[in-house]
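This is the structure I have questions about; it appears just below.
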Amino acid sequence: MSRAVSAVLEVSHATKSFPGVVALDDVTFEVRANEVVGLIGENGAGKSTLLKVLTGVYPLDEGEVLVNGESARLRGPRDAFDHGVAMVFQEQSVLITLSVAENIFLGREAEFTRGGVLLKAKMHAAARVELQKVRLDVDPATSCADLTFAQRQMVEIAKALSLDSRIDGDIVVLLDEPTSVLEAKEIELLFEIVRDLRDRAAFIFISHRLDEVLAVSDRVYVMRDGAIVGEMASADATTEKMHELMVGRALQHEYYRENRQGEPGEEIALSVSGLAAAGFTDVSLALRKGEILGIAGVVGSGREDLARALAGLAPISAGEVSVNGRPVRLTSPSDAVGAGIGYVPRERKVEGIVAGASVVENMTMASIDDFISLGIIRHGRERKVAQSWIDRLRIRTPSTETMVGSLSGGNQQKMVLSKWQIAGSSIMVLDHPTRGVDVGAKEDVYELIRDMTDQGLSIILLGDTLEELIGLSHKILVMRDGRITATFDAPVGAKPEQIELITHMV
Amino acid sequence: MEAERRGRTDGLGSVIRRHRRWAPVVVLVLLCAIIAMVNPRFIDPFNLVRLLNAAAIPTVLVMGATFVILMGSIDLSVEGVLAVSAVLASAMVANNFTSADFGLWAVPAGILLGLAIGGVNGVAHVTLRIPSFMTTLGIGFVAVGVATAILQGDTVRISDKGFRALSLERILGIPAGVWIAVAAVLVALFIQERTRMGRWLYAIGGDEATARQAGVPIERTRVMAFAVAGAFSGLAGVMAAAQLGQGHALMGQGRLFVTITAVVVGGTALSGGVGSVLNSVVGVLIVVVLFNGMVLMGLPPFAQQGVQGLLIIAAVAMALDRSRLSFVK
Amino acid sequence: MPAKWKTELVRFIPLITLLGLVALVATIEPSFVRFSTLTVLVSDTMTLFLMASGATFVILMGGIDLSVQAVASMTSVVVAALLPELGVLAVPVAVAAGLIAGAAGGISHTLLRIPSFISTLAVSGVVTTAAFLFSNERSINISGETRDAHLAWMVGEFAGVQAEIWVGLILLLVLLFVQIWTPIGRFCRIIGAGEQAAIASGIRVDRIKVYAFMLSGATAGFAGVMMAARLGSGSPTLANEFLLPSIAAIIVGGTALTGGVGSVWRTFIGALIIAVVRIGMTFVGVSVFAQQIVFGLVLVLAVAVTIDRSKILIVK
Amino acid sequence: MQRKKSPIYQLDRRQFLTRSAGFASMAAMASALPRDVLAQAADYTLAISMRSVANPYHATFTKGGEDFADFIGAKFATLVTEGNSEKGIADIRALLARTNGKLILNVDPNDSPDARVIVEDVANAGGFVVTQWNKPADLHPWDFDPHYVAHMSFDGVPSGQRVTQALIDGMGGEGGIVALGGILSNVPAIERRQGLELAIAENPGVELLDFQAADWNETKAFDITQAWITRFGRDVKGVWAANDGMAIGALEALRQEGLAGTVPVTGIDGIDAAIQAVRDGEMAGTVAWDPTWTGGMGLSIAYHSAIGEINIADEPQGHREFYGTGILITADTVGSLGAAEPENFLDFWGKATGQIQYRG
């Protein structure tokens, strides 16, 4: 068979099965030198499995992995690294218990060891070089606990790029959803870095944000059901086309269900005046019944802090909050829940779900009192309610007793949303509700958000993308440096442009 | 703007955090001041030497325990390893139980025996995938059992003056045991700061899955950490034999909880990833000063456990850096 | 469905291990499986189970309770001292004393945010001092008549079986009920599996934690009462050397120290496993010098078998 | 007080515990036994129960029991409580079940309350039991005839008193004493402390500077003694310890300060290390119990009751609850200690020194 000579990393006719599923079905995939390859697909399409094959986590059932044209048996991420394949993980994998330098060279301390002694000065000097590549100006001895999330992500990328000065041939960097914690400016910086380093490295770029993939990649692979269903040059691709390939159907024009954006009621569901806490001051807003209020802002603008304060997760230092006209004190999440405020967190796996508990237990977690009579949990009633929500939201789960950890991200998120609906929350604070949710499930989530407003629920939305924020919201607040800097109405047909918001964000 | 924003939100926090590191030392100084006010003899230089002497063996024990706890594990075999090493060491020098007389060879032998038992702990823990709590509990029982079976209730009495000198000899007015403990701290500090294993302990305690992905040899590091912890316990056994002039199966009694308490009071988190052997040295001093102080202040015996309990709660509440722990178990 | 069969089987591994150990002892010494021998063994294990039963909830939460031994000793003193005056009412008073001690450990743990390992260790010191004070540093006798009058229900016989077994079984059922049917039981497990998500869902996690420690204190207190009833006396050191066996019982049953996985029934089985190993050695006639060695090894192996690793990713 | 003999001898007999009390003349004694005695030996299992074989006292106690079992050719079992009362009781019940009650038990209960349960169990199963040291004051052998054969103990009060006197003599009759007690609520700890206080009351020149509980633990004793040296300095003229383990801990703490041999120490129990220290002039005294005798004789009396050689119900109360012989060892007497004489297991009450006293 013919093979491009310049391929630095390729997978040929790879097949991998797990009990009951074919995760990779005869996949052939290659990355050429100095190339940025986009890899897209819904969750469960096989992207993660492919990455795990490329980093040696999973051995293949059939087919082979080739590095620089030679068959390689990769025994794990470390072995892949030594072969020139580095991965930037989707989950934050920076260890906050170690310093910046120690994180960059974790597992490769041998390079700085003489006779068993770790030479710290040498390690720090080398770390400085790597940090420069990602334009991060921090002391290598700083503990990663003292860095922001975005800075940690940059350390993560620096760690992968450090391979550059260690391997003679070309290197391949796998970027798995690297932008999910980054804001626009940092994403732009990342893309610049990627472009700068193309003469030394090839990249595989994975993201749910199709526009980003198009912006940075030369070529895009689309995966569905464990197989590659499309390969195209970015120049020939459009988001609609990619989307169609991914989900196997055309993207509906009304992606954000704008046709269902109704008129909010007149009643004020949530009113906030002069609110202050760590990260923001003097925030006032009014949220009407059935309204979606979007809040835009970069990381550190205070919008996350505001969301957490409203959820009772951060102490409020000044100001007042009223729900349906009644003043409430939000000193703990249970106060917020009691006031009818539900919080869908950004870190779903940490604060959204209990992976080791069952679907039904998760669903009734915020409203257990409703299922208790005479001090006894009524399992039957609980299960019935849970099942009705499973049916209603089309949550794919074998049963109500399944461990939530085994569900896909989208189904987990639907479950989190149902948790608050079961709890009868009248106000929902959605902090990146579609993060880590695949495209098909995203639409379900949007549908669900519209359903909720139809029922009179009010929503505060911190969107995953500006596009999403604009598409969904009735009204948008922009925050910068802890204050509200602008307010936009966003009625159907008269939505603000992204650039209008951005000018107030930075 | 970046700096401005960070300055506002983290400025104060990071200042406190930087100083929080010193909280255990503050607790120690405070405790000393209170005791010295009640009984000024506390700060008599001779008493300070006695305090160091009392701290010597616990210090050696916490070195190993800190390593294990940094990984988020725990070593409950401390008492057993200490006893069996003390028995071996005392039976190797001139004594009434065996005809052996290997002199100071008993020291490396005791350490190696500890290392071996620690290694067994580690291997059983990682290969059978049993929580370290249970593995080390079981192996600790086995160690005491072996010592008991060998001695059949006897006590080995040491007659080797050279070996006893490990505890009794004074250099610059300070007992040799203290110097050994200082050396042990330096070795431990070196391992922690200047070897790969030391750094890997923090990585494993911080997030084992990530450390594994980065190519950290988790299993090997775990086994090594338990082996090193065993070696320190073995050294402590040798020191205890030299100090008490004997070796028997119950030598280790009462050492375990003191050791773990000292590690935690020093500010090392039981959940792993946060702490240092230096913290633990401070922790040992806090515990030893507390005990010494209660006798100096003439507290009635029945009240001591209670007062100790309350003060330890106070000390940990002040000393523990919880800023990095979102929740406490 | 073979997969389902397998998970079902995994659930029952502690029980299978127990039966296997019983069979092993019985093959060497057949008289071990006589009804009377086994009921005596089970009844003798009930104090250990009582002590470990409430602590299971604490461990399910990912915490640990090191005060059970001191609490049981303290309540043995309380019940022995108060029995002549209060009669059977001394029992709830003693259990309440245990409950308060548990609450002290739980509150200092949650309010001061210190690890439960330390808070309960410290509380055990305080409790011991309280027991010494209360008992005037002596053991307190319970006269035969007093015991027969007020505590016979704990140590007598009912339907041909020792009362301890009935008491233990009733407590097992009560705690299973708490575990499955009450929010405290459910949330202990949920906190162990994902504390932050529980907080964000509005669960008053600190309150649940304190409840769990109170439950642990109360059952430890009840264990102290049973010991006092069985031995006819209370003493500030009565429950010595019970702490590690009771934690071992919980873990041998397959409850994970990291929290989130486990059950009270597993602790029941775990306590019996410990008892069968210990008493089995006496029965078979293992030399006393080898007993500790064998016990240590069997403990390690038993945990290797019983622990349910399917839900535990990292073993610490 | 109606004691016939002083419970403490100034070592008037050359008998003493050591681990391997030789039994050279055992065969000769065995031949003197009636034939039917030996014939029945096979029916019974003999057992010893105590805290742990890891301490010298109990190891010797066990050895004494084993020697007697060998002497009559019976099966022998050792049980340990590991300090856990419930474990001790459960083990005994298991053994009763295994032997169908054909059990002769010599038990040192972990804590005094255990004794009642053990006695009741053995009596119900039809076995025979002798208890040592710990039992509730209102539990008496004669309430369980014939199964509860006897209770043996050593009186801690006079022992504590005599050894304190030896300490005071070693100090030159006056000065400050510091004292290390056992676990506060333990009966022997309480008795020995009473003895200490009695002796101090008799010596007006002596002052008890401080009393601390070191919980029978030598390391704790070491640390407390060091703190005392700081607190009282040269005022400490003598260190009293409620057992030899703690005494050794205190002695080594003194050695660190160069005070070993200068400041006298006393202990109780008579373990080898303490006797050596007395010989070396570093300890002023200790009291030796007789664990070989208690271990073997406890079984012997119970066994001979079981086979009908003794009609225990007819024996006087002084033969049912009695003290053994505690021997004060001081520098003056330690030289005359020799190898142990073989124990005569048929001289049932030869070494008994009076009926047990109950003090309010």
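First chain written, first letter: the chains are A, B, C and D, and each begins at residue 1.
In this text, a contact is a pair of C-beta atoms (placed from the backbone, for glycine too) under 8 Å apart; a residue touches a chain by one contact, two chains touch by 3 or more.
Values in this document were obtained by computation on a predicted structure and should not be read as measured data.
Removal of chain D in thought leaves the touching network of the remaining chains intact as one piece. Taken together, chain B and chain D share the touching chains C. Chain pair with the highest count of contacting C-beta pairs: B-C. Using the average of C-alpha coordinates as each chain's centre, A ends up farthest from chain D. Inter-chain centre distance (chain A to chain D, centres taken as mean C-alpha positions): 72 Å. A separation of 43 Å divides the Cα centre of chain A from that of chain B. One inter-chain figure worth recording: chain B and chain C are separated by 29 Å, centre to centre, where each centre is the mean of the chain's CA atoms.
If you average the Cα atoms of chain C and of chain D, the two centres end up 34 Å apart.
Contacts with at least two other chains are made by residues 53, 62, 184 of chain D. Touching of two or more other chains is recorded for residues 132, 137, 196, 199, 289, 291-292 of chain C.
Under the contact definition stated at the top, not a single residue of chain A touches 2 or more other chains.
Taken as a graph of touching chains, this assembly fits none of the simple shapes: it is neither a line, a ring, a star nor a complete graph. Under the contact rule defined at the top, the touching pairs of chains are A-B, A-C, B-C, B-D, C-D.
The residues of chain B lying in touch with chain D in their complex are 39, 41-42, 44, 46-47, 50, 53-54, 96, 144, 147-148, 151-155, 157, 167-168, 175, 240, 243-246, 248-250, 253-255, 288, 291-292, 295-296, 298, 301-302, 304. Across the complex, chain B is touched by residues 61-64, 108-109, 112-119, 121-130, 132-133, 137, 195-196, 199, 244, 247-248, 251-252, 256-259, 289-297, 299-301, 303-304, 307, 309, 313-316 of chain C.
On the chain B side of its complex with chain C, the touching residues are 71-73, 76, 124-126, 128-135, 137-146, 148-149, 152, 208-209, 257, 260-261, 264-265, 269-272, 302-310, 312-313, 316-317, 320, 322, 326-329.
Every residue of chain C that touches chain A in the complex is listed here, in rising order: 3, 180-183, 186-187, 189-190, 192-194, 196-204, 260-261, 311.
Only residues 1-2, 4-6, 8-10, 14, 17, 193-196, 198-200, 202-203, 205-207, 210-211, 213-216, 273-274, 324 of chain B touch chain A when the two sit together in their complex.
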